[in-house]
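Quick one: the structure is below, and I'll ask about it shortly.
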Amino acid sequence: MTNPTITRIKGDQALTFTSDITIHVLQDIELNSPILIEGLPGVGHVGKLVAEHLIDELHAERIIDIYSTHLPPQVIALEDSTVRLSRNELYAHHTENGDDLLILVGDYQSVTNEGHYILCDAFLDIAQQLDVSRIYTLGGYATYQLEDADSVVGAVNNPDLIEELSGYGVEFQENEPWGGIVGISGIMLAMSEARGIDAACLMGITSGYLVDPKSSQAVLRVLSQALGIEVDTQALDEHAAEMEKVVAKLQEMQQMQESMNRGDEDLRYIG
Amino acid sequence: MTNPTITRIKGDQALTFTSDITIHVLQDIELNSPILIEGLPGVGHVGKLVAEHLIDELHAERIIDIYSTHLPPQVIALEDSTVRLSRNELYAHHTENGDDLLILVGDYQSVTNEGHYILCDAFLDIAQQLDVSRIYTLGGYATYQLEDADSVVGAVNNPDLIEELSGYGVEFQENEPWGGIVGISGIMLAMSEARGIDAACLMGITSGYLVDPKSSQAVLRVLSQALGIEVDTQALDEHAAEMEKVVAKLQEMQQMQESMNRGDEDLRYIG
Amino acid sequence: MTNPTITRIKGDQALTFTSDITIHVLQDIELNSPILIEGLPGVGHVGKLVAEHLIDELHAERIIDIYSTHLPPQVIALEDSTVRLSRNELYAHHTENGDDLLILVGDYQSVTNEGHYILCDAFLDIAQQLDVSRIYTLGGYATYQLEDADSVVGAVNNPDLIEELSGYGVEFQENEPWGGIVGISGIMLAMSEARGIDAACLMGITSGYLVDPKSSQAVLRVLSQALGIEVDTQALDEHAAEMEKVVAKLQEMQQMQESMNRGDEDLRYIG
Amino acid sequence: MTNPTITRIKGDQALTFTSDITIHVLQDIELNSPILIEGLPGVGHVGKLVAEHLIDELHAERIIDIYSTHLPPQVIALEDSTVRLSRNELYAHHTENGDDLLILVGDYQSVTNEGHYILCDAFLDIAQQLDVSRIYTLGGYATYQLEDADSVVGAVNNPDLIEELSGYGVEFQENEPWGGIVGISGIMLAMSEARGIDAACLMGITSGYLVDPKSSQAVLRVLSQALGIEVDTQALDEHAAEMEKVVAKLQEMQQMQESMNRGDEDLRYIG
């Protein structure tokens, strides 16, 4: 039965973890019509890398932790050998020139079907309470080919956004992405539309086989323009450079494999 | 625990998506003892192709959207680069000569076990409210062989229907289909019987490996007679002609493979 | 959350199917301290074959149908081309010389984890209402070897039963079966103990790979003695004779395979 | 929906098994600020072997059984051919020199996602009622290599514990274990922190492929010191000696396999 239990806890109150969702408000904050950026783990971890990079570079502050019985029963080890329960986290950042930022990241998405719906609904409840003016959900769009792409495709919940985002280099194509968008980056678009919040999904083209910081660079480039902010990309660039070597190596191996297979086929035709 | 939460929303009311089932009534409509046709995705997408073809050809109107936390947390990309949440949809069509039509289609069936039961029950609640007089559930019957069949086998929830449907070319055999009918097309028969609504399942013979528009042609032929309507089948015919080429190619490959295997076996007997 | 919804329906009342469990009482019946025999599908379908054979030979009467959202959403095709929802069924049989019989059969066991517990609990509620004096759960004990065994191993919920059952040829060994008993045949023993009802599980030794009517013969032999009734076994004997041919064929193929493998190994040592 | 039903039963009261959790209190006991040791099944069964060894050597008394619809629907066969439902068990032991012990063992951990959370919460409710002063969760840390290691790595929910535990030979490394800790041993750390109970997880290094009594010896060595008790380790030593032979054999096979593979590769380069 879907009828979620949601518990709201503030500051030093003792946490409990047997509700569908436990929202732990670490600090109250005043924000100016913030823009919400969602970067939970997904295809190529493209969105996660961008969102975490933004949090690091902007020194955004963690304001809300979200625990859920729909997240894996797992703890994450920390630097000081303590642990914390797997969770989703909301960070806030005051910008100088206008719209503030909210950034949603986390260790995992829901592992149950209904969990995706009720977690997304809880995120949007928080978004509305904080007066969010627009949402960008970030993700990867898998082509299942090891290629060197740096384009970003988009989907929106309001066609009025297309012209603006095209100006930042986002590509829009009919009925794309072909297989739809699975998970939070997709359903947040549909579920925020029902609340009257404009939202766009920015997807970096990626193979789908590997963590892809290069695709994250492309998404960050678009997002920086959309947000009107400048972000140092050095950390992400270095990560991407390393990964490019891995990909080049894999492509080489793939070609060798293919030429060997071709050899086999020849034999078969002869034999 | 099975104790479904069902939310009913009308027209422009804001949608929420955390109930087991959210029924969004787009428009109220008066229908004359309508016949319900169910064509959700299933074996060979046979039923889905027929139902969508009918909607296109008859220009049926979408009257109800059904969302559910038991459907995949996924959005479908549309032509204008917007998205919509995966859902089931009910279309209506006024016919000139008597019984009106209701056509149930959708992106997916339930992904949870109990979801099948409670979604079917919700569909039948709607059917009863709209005074449905008969139900046809459409599907494919997998033979797991690449063959050129165009027959339609049937199952009913009332033996009185057999004679009529046999007249339209439906084949009825004892204890067929052997493995029963899995999913909505089957349980809707049993669950509508408990409500006193006559229902038949029309299954096109299909390999089960591929989307099968040819099998859909056969089902549409039977269904048109049963409904006493004429439907232009050109779009489906073209789709079937394309698919026939794919099947012919696959059969050729299969025969080559078999003759190669036979070769191997010969060697084995000799060696 | 586990907090099952159970609906009880009598005779011609309309059935609904969205409760965890729907108990449809077909006819009220007076029984004399009946013995309950459980033969739901399981390893080698050994228990199911025995229970269904008993129902056929004794002409037992179906008195209760049990539907559940924890059973597969599937219908079974019947001889007259109608269908019925997958379910569990309880049959009753008056014996001449004392204890009456209740026989529990069905198409499937629960497909969810909690479903096993709540269905078993519902079965035992019914058993207590009908004043059940003892329970035999029937099953197979997989050895994963194609062998010709006809022994029956037992487990009980009351050690006082061991001597009696040993007299009928049931073998009892410490900590056997090694991996415990999974599903209804096992948990019904534990859950009926908590209600003060004596119960034994009779498991025919079987390969675990195939439906095994031969193993069912062995279980039926024991059970007939335990119940003090005589049952014609011809139908089961014929089924077992057919299956023995299949097993002999498989054993032959296995030996050929093994000798071929040995051949390969020889080559490997030489090469 | 997560909203667990918990049933508490004392002594001879009849057990029911359809709640999320059924807590069967076998005997009331007075304990002196006990230390809780959790050793449920997990990686290499390292924790389970240690906890069961402690129960045997200390002749600890079983005081509470915990049943759950989130544990497998399965019974365990006992020596006297009776069975018991799969469950978790809490044992108590009075020590002479101060802190008493509580030891949590069982046949399985939860098989559902939410079950892990609500079972852990129920364990901690019991722990608080019994005034638990500290918790040690025991587990294995898989390296996926057949190696001869006897080190123990730790994680804590309070950094103040690190110095003390390091003194017993526990190794602490930044962000270790890399993949976090999955299941009860991990989440009990995080969930007891929220209740103000100090807890440490002691993980024996192990391959992850096999039951590993050798790794259990290492964990027991650390734990004995932490508890300030002496435990006869003979039974565990014998078990470890046997297992070492198995591992040596496997390593030998692995080396043979590797040298054969190397042979193949040479051929490939040449061919």
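Each chain gets a letter, A, B, C and D, in the order it is written, and its residues are counted from 1.
One rule holds for everything that comes next: a residue touches a chain if its C-beta (ideal position, glycine included) is under 8 Å from a C-beta of that chain, and two chains touch if they have at least 3 such contacts.
Every value quoted in this text rests on a predicted model; they were computed, and no experiment measured them.
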item	value
Cα superposition angle of chain A on its copy chain D, in degrees to the nearest 5	90
Most remote chain, CA-based centroid, reference being chain A	C
CA centroid of chain C to CA centroid of chain D, Å	35
Euclidean distance of C-alpha centroids - chain A vs chain C, Å	50
Residues within chain C bordering two or more other chains	1-4
Chain A - residues contacting chain B, complex	1-4, 110, 113-114, 116-118, 120-121, 154-159, 162, 172-178, 180-184, 186-187, 189-191, 194-196, 201
Touching residues on chain B, where the partner in the complex is chain A	1-5, 14-20, 69-70, 72-86, 111-112
